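Next come the structures, one after another.
Next come two complexes built around chain A: one with chain B, the other with chain C.
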Partner chain A sequence: MVSAPVQVAPPVQAPARVRRLPRWVAPVAGVVAVVALYVAFRGKAVLPHDDDATLFHWLNDARDWVDENRNSSPIFLYVVNYLRLGAAGVYEGLQAGLVALGWPGLLGLAAGLGWLAGGWRIALVSFAGFAGVGVLGFWEASVETLALTLSAVLLSLLFGIPLGIWAGRSHRVRRIVTPVLDVMQIMPTFSYLSPMVLLFLIGPASATIATMIYAMPPAIRITAMAIQRVSGVAVEASESLGATRWQTLGKVRLPLALNTITLGVNQTIAAALSMVPLTALIAAPGLGEDLLRALARVNVGAALVPGVAIVLIAIVLDRMTRAAAQRRESGTRARAVRWGGFAVLTAAGLALVPAMAQEFPEQWQVQIVRPINDVVDWIEAHWYTFTGFLNDVVAYGLLNPLQDVLTSAPWWLVTAAVLVFAWRVSGLAAGLVATVCLLCVAALQLWEHAMETLTLVLVASVITIAAGLALGVAAARSRWFAAGLRPVLDAAQTMPSFSYLLPAVALFGNGRFTAITASFIYAVPVVARLVEDGLRAVPGTVMEAARSAGSTDRQLLWKVQLPMARGSLLLAANQGIVMTLAMVVIGALVGAGALGYDVVAGFAQQEDYGKGLAAGVALVLLGVMLDRITQGANGRRSPHKKRNA
Partner chain B sequence: MKKLRLIAGVLVLGLSAAACGGAKVEDDSAAAPSASAAGSAAASAGGTVKIAINGWVGYEADAAVVSYLLEHELGYKVEKVTLAEEPSWQGMESGDVDVILENWGHPDLKKKYIEEKQIAVEAGSTGNKGVIGWYVPEWMVEKYPDITDYKNLNKYADLFKTSESDGKGQMLDGDPSFVTNDEALVKNLKLDYKVVYAGSEAALIKAAKQATDQKKPLLMYFYEPQWLFNQVKLVKVNLPAYTEGCDSDPKKVACDYPPYDLDKIVSKKFADTGGKAYELIKAFQWTNDDQNAVADDITNNGMSAEDAAKKWVEANTAKWQAWMPK
Partner chain C sequence: MGTAAIEVRGLWKIFGPKADRIIGSPDADLEPAQLRAKTGCTAAVRDVSFEVRPGEVFVVMGLSGSGKSTLVRCLTRLIEPTAGELRIDGQDVRAMSAKQLRELRRHRVSMVFQHFGLLPHRKVVDNVGYGLEIQGVGRAERHEKARRILSLVGLEGHEDSYPEQLSGGMQQRVGLARALAVDPEVLLFDEPFSALDPLIRRDMQAEVIRLHREVGKTMVFITHDLSEALKLGERIAIMRAGAIVQVGTPEELVGAPADDYVADFVRDVPRAQVLSLRWISRDPEPDEPLDGPELPADTVIHDAVPAAMASDRPIRVVADGELVGVVSRVDLLGAVRPGTGPVAVAASAGATGEA
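Entry: the complex of A and B
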């Protein structure tokens, strides 16, 4: 039952669970009906792709209008262009500031901030992390990436925290904001880029704004949650002492919520860092550019190194903010020690600036591109038959047949099957939302490409969830295995989505299977962790009872643990599918085609702009649909767990 | 209460914005080649030149040599912006790009950005002659001599089937942002093929090498100048001959690609204020062999773009000295 939500594949689908007896009748009848209808209507009412669709032309015309009126329409003169200039200003200011610090100054500042946030351990991590970036030979690009990330995070917090406070205080605002945030978090990163290019052109300003929007939801969510959770007693005490509302907010609510809000900052930074490399597609500077260039040259070594640099930056910022969030004011160290240490470290760094070369010393840099590429070449030469075989098995055995079915089935049959399936799994509301999403995809005239993307997502999700389930079960049953798995999962969750393409490209070259492999590596850790957590949460007393009733281990797993962890398992499936979608789309960069490719082509070619924009929207709709289908049976997820690409 | 303040704030913001008379995109100070150099002016005398880098190594060879000369001979700082072809033109509008060093035709973009918007100007030929076409490995021509005529391609479509080509023959294209009419060609010449995008120049090269080494059938989009022709023998397939204007409607193209005279495009602003950097770029001109030598060093001899440029510059002093501003 667990993996049921994955088998969305119409028409051979099996509705998950029937509560009346006999359980198998309704699903089997449903499957038979869908198969029969498919056979009868195969090839009819299909919606073949047409690059010339009127909608695309209409969007192109809209783009042309914007292009012509960018310097005359009041909306642009007084609003949009100022936003652009403002974002550009923030980025340029930060970038100039970071560069002016010089590399020793920045290292010192990082160590100082680490000390301030969490003592010598974090100071060491910060120093080592940033120094590592320099050793890898990517200091300059990393500073640009850092500047871009920080400016986006700064703006996200500037807008996100007030919005979060408002949402935390007002039930009505929360009700309006929550669904918007839901959609924002399901949206694949790619979809944010085309509208940004239209409004703000390409370049760092546009990239900053795109990243800001992408990174804002966790800031709003967690702030709202933190404000809500402030104990009523404290608020009442303050009010009864005659504090005004603003005083209560400033002196009671915010200080009490501060640690949780810092956690929100942590999540915002993580989101921003997973977006920033992708903005290289719209001419943002930094590590993303090196990554893209290396991907274009199929140079795995050259792509892996900036990937590692991004991970290092992510780890430093993550540890720093997490430590800051966990800090207790009544901690062991006095204020003077903390600030003193910060001042000493920063000053030491800055004092070294005049003494050191302006650029990170070349003799400290290590070259690891070549050895990596040698390994890749060896794999390519020796594993070719195996990787080629795997690729062909998945392509001919799964992808092509499923894609044939989905693209040759009438659109109404696919829609009806989705409706019924979603209804069974997640209830009528979810079913209706899913149906409306699919109908909108059809209206966007991207049906065929959407079905191709869906094929990829389904195949990748099945593989991912199966593997995640196996790993999660193994980890829940063996402490030893869990201990070994944990650091791997931790690392995987810190990495930006982009870097997952690399090992896949190394093994399989370009193509759809590569995208599947990448999304597999990307989503498996999260799925495995959720499964493990779910199984571990099954109360010990229940397990004892089952054991004393004579259950074998096997029975215990299938009859007790898995059914009782149903909620977590559904959440795992949901996360697995949404993350897979996000990654499969990025796979367009390495030849996975379909909607993701339409979006990429939209940046690159003027006549494809409209199609790209529509494809971005279609991706959002697909995401909402898959999310609704798989999450209805379970309550809302916690904002902490969500981090799609 | 709070809402009121918010609205008031927005109003004030709006009014103050209105008072400034609005912002146009070219107001962006970053657009001027020398303005953005302030942050790191110490090392560079002349300012910063932003060169777009398009996704093929021949282009990078041009950029490597020009950058090397700008940095070491004229004291400029060079910023390389990795972009696809069309966004590079947009970049001249937004101020993120000063120079496109190897432009393949693009009459539509020239019309839009040079004639209509007047934000870009031509800066002369690079001296390179460009050819785009469909190629098969030489061993296929030996085995199937008539394959070089497009009319016979349908006969061989089965050979080119792959897991990605939907049961048709596979026509392998490169980066989707490259200049290509292939989807229209397949349709208009009624070929039983599907265009599949390898995603990059490197992926095409890999496919060409594998097709030659492992004797795998391959039909692919490719172009000259390209160092690969020194290593792997490829033969061009004859499409219906190009005639002036036969490619004017991109949906109805049914003829071969035109011969390209590759040229340089610079932003209007750079042409006006770029000084010596502009003069050097305008004068830059070399041969396909020159470009292939540098590209070959970058790709196959493990050199960085800068080292490869240095090697060429040291060996060809007379050539580049002719480009130097007087």
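Entry: the complex of A and C
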């Protein structure tokens, strides 16, 4: 209908007319078409949820087959079972080692390692953090969580660093590894668990392997980047003196990449700590167990305390590795002081072991569950008008209508809308991938639940991106605001993901809005930071030129900064959406339902295993779809990338 | 002349897909820009031949992108040449196995880089000892040797510093010391002083001249700076678009540029300070007195001025005890005048490009 007047118009004017067509016409026409089709076909070709779908039964049968043949099929007998035993061995060894240190020994070792990494400040942080875990009354569970985390990190690094070095050295390997890592990074945590259970049963071995897989991508990615970034001149100088490849690797590349690789270790630990508590779903020991049990009973106080313990562990490990990554080469004297301090602190801790009780002393523990619950009760009693109102507005104003639309629209209309939208934003290839993902979700018989999850993600990401954009712009324009925001964002990024559920639960109880709130708190820091960095990356000379032409601040923002930061803004949107999905899924633990709940139920009930497994896959597909749709940022830059390669 | 320290014959380096097919085909004669448009390949070094005598300082000079840095890297196959012959001390470098090549790099040819290429995580002494370390020399011995070399380049007392604590000039001295520490026969310099301030650069040039006198290594020196080339080079090769345009002594380049490109290059060189009397001497006129002051033919024109001032008779230019010609005050003034040159006379000196 748009082209009709063009044919009628005189030929001379025709091109001008086409060009002058306002830019909003095509999108508006698209929206109008979708709405019209929706109204016409509403309720037809919908895919209602069916708990008894054949696929789920088929998956259950597959699980049964695996269970029956676990001890006879050669692939289990000679490969899978050994992997399980190996992972379990690593965990049990580490756990036994940490327990054998005794709590004073572990505190001494933590302080010593802190000292080694970053002097007395970090030593103090480590000591205080681990002591705090004991004071909270969760020493034993924390040691189990620590052992689980460390064994997963150890294995991640064992495989991740060599793979990263290889990828850093070989263009071909990098080309194979990068897309795999991309997908791994957008996979919600839950989707790792079901297949692990199938292969490795429930328990710490499965948990270790799932966490290892989840935590490996940053190790590989950052190692590869570190190796690639090593100064080519230094490498060439080494080669010109006749060094072999291994000599250059060991004496030039690795030492020069070491600090960045340590940063990769930091990221690996952070990822592992996000995953480890969730592995309690597959019967892994540790703090996650207490946390999940309390969440299930909506006992906020009892959930918050182990949550704080995990956050403390996260802070200690983060500060320690971050300090180690910033360490510079120093003289022999400084080295002696560093190792001496380490030895003294560790020895002091170990010396106290025989003198102290084996358990962390009870008189040092504080009970804070009750006071927390009192606060939560008070909030519920006094703020309910506000929180309830907010909850209702989002639920009845946004979630329910959107969910109604998505679940009552014909599947082909939703798919077509996704295709057209993704095509426009990120190009044809991305659009096709997104469409295929969505069709696969339909084939998994999980359409309705996927639409429910999608609803949550859309609402949460719109809120998150809007707030992140505002915060980022404010931080980029005001030094004061940025200085205030930065430590908050830094702290937020160290926290394991599920810990964001806790304040949300305290405020809003169980439900979908809690999941939205949690993903908001989880993703806003990243979005805000990307926006701020993008705006700040606009070259000073360009800003100066615009200012000298007489731009107002507002014009500067709209005409210079935002357009030039386009790549960062799109990346921020992409990250915001992917992170929101990750969190919304975890929100199933606090009653957000949909696909996340299907996964959780799959662990709890034997007969729901098939549905849980399918839901895990559906989550991956949904993640890939959302990522592709918003990948315009990366896609558009690709021609330059190719030219550089 | 004896065997050359380095002998290069018909060397090619073409970057890009199927580069080896271009050599010998008509495409090889294309200008680099045309070649890139046609085949997607970049010819960085095109049919280069030269020889470096033992103990000589041989300068390769050209603008950026002329292929000089690629050329010097081809010499030890840091960049693998596409075609051509390459001998160092009579041995065929291109035929060497990986192991032989390593031995060559470890013991016989070492290199100084524009951006130093020092290892920031190692002390100065360990940077200098790096070449010995990868040869498997023990710690005590390589430290002892490194200290000795550091004092040779004027860096005693800085052994335990880290590179970032040193100034750019000092860092390049470390780079120089690292190259010297393995006691190579040949030193390759890839624009070693381009990243330095002008004053420091002058010091470092003097340092290289001094080292050459003291240790007498064969040196191949890459630069884009003509004055540096004239100052250091016994012979200079001028590169343009991957090919060598002319090889010759500074005098030959200034006095007898092979083409307009070279002429353009050396236009602003003060001739009187580069050319010798040989270039402006002429047969005496029949009535000219031949009892003026006598000077050797290789005296730089500039240095003949005091003699011309002391006597109004034409200077008698002699070589090997024989009179080759005379130079009057007018000839001298003509040579000193900027913008003109005794190009017409050049042919008589018989200087041509190919060495």
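Assume the second predicted complex is superposed on the first by the 606 of 645 C-alpha atoms of A that agree within 3 Å, B and C clash if a C-alpha of one lies under 4 Å from a C-alpha of the other, contacts with A are read in each partner's own complex, and residues count from 1 in each chain.
Quick note on the criterion: a residue touches a chain if its C-beta (ideal position, glycine included) is under 8 Å from a C-beta of that chain, and two chains touch if they have at least 3 such contacts.
On a predicted model such as this, the values are computed, not experimentally measured, just so you know.
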When the two structures are laid over each other on chain A, do chain B and chain C clash or fit? fit
Of the two partner chains, chain B (first) and chain C (second), which one does A:G593 touch, if any: first, second, both, or neither? first
Quick check for you: in the superposed arrangement, does A:S240 touch first (chain B), second (chain C), both or neither? second
Where does A:L256 make contact in the superposed view: on chain B (first), on chain C (second), on both, or on neither? second
Using the superposition on chain A described above, determine whether A:E92 touches chain B (first), chain C (second), both, or neither. first
After lining up the shared chain so the two structures overlap, which partner does A:F159 touch, if you call chain B first and chain C second: first, second, both or neither? neither
Who wins on chain A residues touched, chain B or chain C? B
Is A:S231 touching anything from chain B or chain C once the two structures are fitted on A? First, second, both or neither. second
First (chain B), second (chain C), both or neither: which does A:W383 touch? neither
Rounded to the nearest angstrom, what is the minimum C-alpha distance from chain B to chain C in the superposition? 15
Contact residues of chain A, present in both the chain B and the chain C interface: none
Using the touch rule from the top, collect the residues of chain A that touch chain C in their complex. 231, 233-234, 236-244, 247, 251-252, 255-256, 258, 329, 331
The residues of chain C that touch chain A in their complex are 76, 78, 101-107, 110-111, 113-122, 130-131, 133-135, 160, 162, 175, 178, 182, 188
The answer for chain A against chain B in the complex is residues 52, 70-71, 74, 76-79, 81-82, 84-85, 88, 92, 95-96, 99-100, 166, 197, 201-204, 280, 282-283, 285, 289, 292-293, 295-299, 358, 370, 391-392, 395-396, 399-400, 509-512, 589-591, 593, 597, 600-601, 603-607
Which residues, counting only chain B, touch chain A once they are in their complex? 2, 14, 17-18, 21-28, 30, 38-40, 42-43, 53, 55, 57, 79, 81-87, 90-91, 93-97, 108-109, 163-164, 175-177, 196-203, 206, 250-251, 302
